[in-house]
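So that you can tell them apart, the chains are marked A, B and C in the order they are listed, and the count of residues begins at 1 in each.
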Amino acid sequence: MPDATGTSLLRYAEVQWFYARQMQQLDLGKAGPWARTFTEDAVFDVPTLPEPVRGRAGLVAAVERAHARLAEAGERHRHFMGMVDVLERADGTLDVRSYTTVYASVAGGVSRVHRVCVCEDVLVRVDGELRVAHRKVTRDDLP
Amino acid sequence: MPDATGTSLLRYAEVQWFYARQMQQLDLGKAGPWARTFTEDAVFDVPTLPEPVRGRAGLVAAVERAHARLAEAGERHRHFMGMVDVLERADGTLDVRSYTTVYASVAGGVSRVHRVCVCEDVLVRVDGELRVAHRKVTRDDLP
Amino acid sequence: MPDATGTSLLRYAEVQWFYARQMQQLDLGKAGPWARTFTEDAVFDVPTLPEPVRGRAGLVAAVERAHARLAEAGERHRHFMGMVDVLERADGTLDVRSYTTVYASVAGGVSRVHRVCVCEDVLVRVDGELRVAHRKVTRDDLP
């Protein structure tokens, strides 16, 4: 069961907050600020990309491409993360497993569930702030 | 990145809790208690109303109307908020941006995504308790 | 409004974390660890079972059955809980009311909202850890 000391519970709130901001940056197409929530050499392994991206330049490019495609299609996506579970390693690194539902809406149309994903992150601290060092996302609709 | 002091992290939990209760009151049709989570002269600007409502009497009336319409239609709505991001101003006022998915269920039918919304609130403290002073909701399916 | 002392806010984070882990154990089919998040004689009253289950052996059996059925159907379910509201009784017992959306995905198919539920739990502490002593789940699509 979760380690229920004050320190770990405050950190739990911090992790939730970190993700809330990160997902909003993603959906707003704020590629630069979003990429800076990852470490310089982060690995980003998601089903929508043909192979894992490494490093912030690739992250920025991936988000800009995705955002442009959505704008063209007249769609809005929202990444709604939750069920965040945190495991702390002895060195302070955090292994975080969570769910993300992606909603898609068409302007003048309807909103729907687009994807249901599991997100496995490795979070580290850089200059006191949380950063994603590794992200692996799997989609429930893929075998 | 979020301000990660103990005070702000405790407040982050408080804001989440505040919204959980507020959304449940809304879905239960508890118009009075729900309206009291707003300031006396709160502005409530949502796409379902032809113009912004100002003040608690208007809030109560809006919720009672919505609840009656749903009961008549045999529908239940649940407002599921998340991805709560909080920015604190120098005077302690909180700017909160979050997502809300509204689910609709028909008794004897199915459940579905009804709306995906972005909620921008201004939260203030009145007698030590959080209150919404201003709410602006936008719907992802509207242009 | 929620009791906003440091103690209750830390506990709020603890309750959220407890549920995140519990729901993940459920969806992973980890019947044993999941059942141990309930008290020995917990009552589990959900619409998918013909009558309430009492005790961990019954909980384990119910989850194993459900997991086998899903595997057979090629479906994945994710229980996404949120809008967690907590009320503390004088003796420290917690009454928790929350929403759970269940998403269903078919491998090679699509993801969709399966159920929208309200979950009413009684949480107690056993050896310092949170445990569900009683759970009552209702489904929004049932009359």
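Quick note on the criterion: a contact is a pair of C-beta atoms (placed from the backbone, for glycine too) under 8 Å apart; a residue touches a chain by one contact, two chains touch by 3 or more.
Quantities reported herein were computed from a predicted structural model and do not represent experimental measurements.
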- Task: Report the topology of the inter-chain touch graph, choosing from line, ring, star, complete and other.
- Result: complete
- Copies subunit B and subunit A - interface residue numbers shared by over half, same or different: different
- Item | Centroid distance [mean C-alpha coordinates] between subunit B and subunit A, Å | 24
- Note on the structure: Multi-partner residues in subunit B (2 or more other chains touched) are 10, 13, 16, 82, 113
- subunit C contacts subunit A in the complex at 10, 13-14, 16-21, 23-24, 37, 76, 78-82, 103, 105-113, 128-130
- Message: Considering only the defined contacts, which subunit B positions touch subunit A in the complex?
- Response: 1-2, 4, 6, 9-10, 12-13, 16, 82-86, 97-99, 101, 113-116, 118, 139-143
